[in-house]
Amino acid sequence: MLDKNGIAKRIAKEVKDGYYVNLGIGIPTLVANFVRDDISVEFQSENGVLGMGPFPFEGDEDPDIINAGKQTITTLPGASFFDSATSFAMIRGKHVHLTILGAMEVSENGDIANWKIPGKMVKGMGGAMDLVASAENIIVAMMHTNREGESKLLKRCTLPLTGVGCVKKIVTNLAVLEVTKEGFKLLERAPGVTVEEIVKATEGKLLVDGDIPEMKI
Amino acid sequence: MLDKNGIAKRIAKEVKDGYYVNLGIGIPTLVANFVRDDISVEFQSENGVLGMGPFPFEGDEDPDIINAGKQTITTLPGASFFDSATSFAMIRGKHVHLTILGAMEVSENGDIANWKIPGKMVKGMGGAMDLVASAENIIVAMMHTNREGESKLLKRCTLPLTGVGCVKKIVTNLAVLEVTKEGFKLLERAPGVTVEEIVKATEGKLLVDGDIPEMKI
Amino acid sequence: MIKKTIANVKQALHGVQDGMTFMLGGFGLCGIPENAIAELVRLGIKDITCISNNAGVDDFGLGLLLQKHQIKKMISSYVGENDEFERQMLSGELEVELTPQGTLAEKCRAAQAGFPAFYTPAGYGTEVAEGKETREFDGKMYVLEPAFKADFSFVKAWKGDEAGNLIFKGTARNFNPCMCGAATITVAEVEELLPAGSLDPNDIHIPGIFVQRIFQGEQYEKRIEQRTVRQRV
Amino acid sequence: MIKKTIANVKQALHGVQDGMTFMLGGFGLCGIPENAIAELVRLGIKDITCISNNAGVDDFGLGLLLQKHQIKKMISSYVGENDEFERQMLSGELEVELTPQGTLAEKCRAAQAGFPAFYTPAGYGTEVAEGKETREFDGKMYVLEPAFKADFSFVKAWKGDEAGNLIFKGTARNFNPCMCGAATITVAEVEELLPAGSLDPNDIHIPGIFVQRIFQGEQYEKRIEQRTVRQRV
């Protein structure tokens, strides 16, 4: 079973040379720490920066330089700042190659819900609706089940949607899955996790085809 | 009867304090030379400059700093450069207060034609269609008649239109006219020009109400 | 040069009234018009509709206006860091229109640039698209979103000049440029107000034509929401 | 940092083919991609559709491609300074789609920003709107204009860096920024190509994400179309 860093580490392997990548708040933010350093990647944050670097050294924080999670950040050589309209031009115009974001629920046809629990909690969609409606490649980082042990990989989302039929891949604490026309296709098991455990934790249609390898991270 | 400079001089009186003004190619360009220097005005050129100044001194021409007429220009303190999309955001968004442009024909309901003579001549509309479709205040600078002595102030334009019902005022070599719901309203006569001459030179409906003063320029 | 300089925040807010719609720049607490917000609190303007990506935190930014119940309606994309906001929203005290962030930015830009509406894929198939016109282009579905209409835009820049030209710093730029010229009156506050001619015309982010009033803010707290650092080795 | 540097114009134009659609920046002869145009002439690429505000003059800029009859169709707003262009157009040798200048810019920007189409008031009631959808918003009529689709964008900037970031100079900016990222491949040529980190992230006009290839142009003639001066007193 993976912890948050494990999920981020596995997702980092999906990041390819030459990719511009948008990382959502939470686990996705951690992905930057695990990307191979022999490939060239630039991180975009929708509040208006391309070429994000690591957190600043203590005392170097600049209130005018933050990421979409409102965290103080630094920039790398080749970075640029821009306004919100330009930022979403990058996203909507498919110039950002990969979006990695969290989810409360994902359905077997690739719908995603991650911004609202009616009557209980409303964070807002932020840039997520624009990202999922536009990106060619969307990977979701999430826990396979909620605190009550109920599956978050469903036949149909029960919460208000963020986007329809858009999720391509899901990396959870238990597995790596691809969203196909037939449902969730199991690609890899987390270390020490059995196929049965994944089947049990998945409410939506799960395709298990042959031997499922344990993921290497 | 006015010459080109006279027309420009008369139009300059329409330019008010605090106006952003777009000047078309030809006579309109000359207007800048005659604006009172005790008022604050900024000239916008749709190729991407606000705060245009006079032509450069000989030897100071910069090929990267031109106006929409492709003439070398200078900028004044407070000037800015921007791209074409932003330039037309200024125009379409009604941030430019006054547009002054030339015309081949104007009709009594405010239509204007100035970009094409089918089969004969095609200059293109440039920014004129955007300007006339957007500006609150459009003044046309033109000769009252063509070389054959035929009126260019018509009941209906015969040439392909640039915009419909948009012209507010016209300054010609003979007169100043306002476009009203009832037709061209004669406001002023050029020095030495009689009302009869203007009536004769105007094909569209001309409203002559009382004594028509001679213009002061 | 058309001068846009205004002496202070009081004069800059001349004309604001109860019930108006305001745009406010900033992302979280980054690049917010601190001085204009403080003055709106002081003036006690009520029943405001605010268009702003976030609503500040409980005790800073737009949170100050929320605390005093001066806001009738918020149009935002994200409200995750403000408990009072969430409480007022869930209790129904506060009307909230949640809008995808890119749509929010473009609704401002559309108002600035004279576009009445635009088609965006964001929100298609979600409750955001409910009651809105949808349309297919090249096999993909889009939602028609109208431009915003607002009375005042309050934006914050780093440097500005007498002509109203603005330069922003870092990610404090965010929504500020799109909101300039997107309301009837745009009020820009800057950290440093310079004479015309001080800024290179090539470096200007927002030309002064989009700004009606500009003033130098008295002071800026620039509070950091999430101070994240790494240790020096 | 994702490196976009290409050794020379030859490599920068790798993949261009007969029958393709190109966007070319510039206004008149100001800010045109001189090196890319020269290479297109040299390569003899035919049946091109060119999206460019103007068509150069008889013996420079796109005029060079017109002379050799390499252009099948021009999409422009103004052609007033090019006799050969006017001749080919009136004779029917050249297909021409005249488009209002602001519409031309926005059709580029729409392609860059992922908008399928937009409503503009420009051209309503004229032959430009013939056959196009029109629509009323708030009592004013608008024309629906689709985004451009192009294979290559050729733009010219003043300074650029290895990451593809661009800074333009003066009015040589014009259509160049809107065309970046508006075609499948954007090729930027610059007067000065610098290492990443040389440009202030705050000053960049076009972030490198919109540019696929960047090279330093061998030389720039920068011909002036209308040399207008005043006499020194």
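As written, the chain order gives the labels A, B, C and D, with residue 1 at the start of each chain.
Keep in mind that, in the parts below, a residue touches a chain if its C-beta (ideal position, glycine included) is under 8 Å from a C-beta of that chain, and two chains touch if they have at least 3 such contacts.
Treat the numbers as computed from the prediction; the structure is a model and nothing was measured.
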Chain of greatest Cα-centre distance to subunit D: A
Equivalent interface to A-D, taken from B-D, B-C or A-C so that over half of the residue contact pairs match: B-C
Pair of chains joined by more contacts [C-beta pairs], B-D or B-C: B-D
Chain centre separation (subunit B, subunit C; CA means) in Å: 36
Length of the line joining the C-alpha centres of subunit A and subunit B, rounded to whole Å: 55
Rounded Å distance, subunit B centre to subunit D centre (Cα mean): 28
Whole-Å separation of chain centres (CA-atom averages), subunit C against subunit D: 33
Junction residues of subunit A - those touching two or more other chains: 49, 81-82, 85, 88, 91-92, 134
Multi-partner residues of subunit D (each touching 2 or more other chains): 109, 114-115, 120-121, 168-170, 201-202
Pairwise chain contacts, counting only pairs that touch as defined: A-C, A-D, B-C, B-D, C-D
Subunit C residues touching subunit A - in the complex, by the definition given at the top: 27-31, 53, 76-81, 86, 89-90, 96, 98, 100-106, 108-109, 120-128, 158, 168-178, 205, 222-232
Subunit B residues touching subunit C - in the complex, by the definition given at the top: 18-20, 40-42, 44, 49-51, 75-82, 85-86, 88-96, 134
Contact footprint of subunit C on subunit A as seen in their complex: 45-49, 54-73, 81-85, 87-88, 91-92, 111, 115-116, 119-130, 133-134, 160-165
Touch list for subunit D against partner subunit C, complex: 114-121, 137-138, 140, 142, 146, 167-170, 201-203
Parts of subunit D lying in touch with subunit A, wherever the complex brings them together: 1-3, 109, 111-115, 161-163, 165, 181, 195-197, 201-202, 204, 207-210
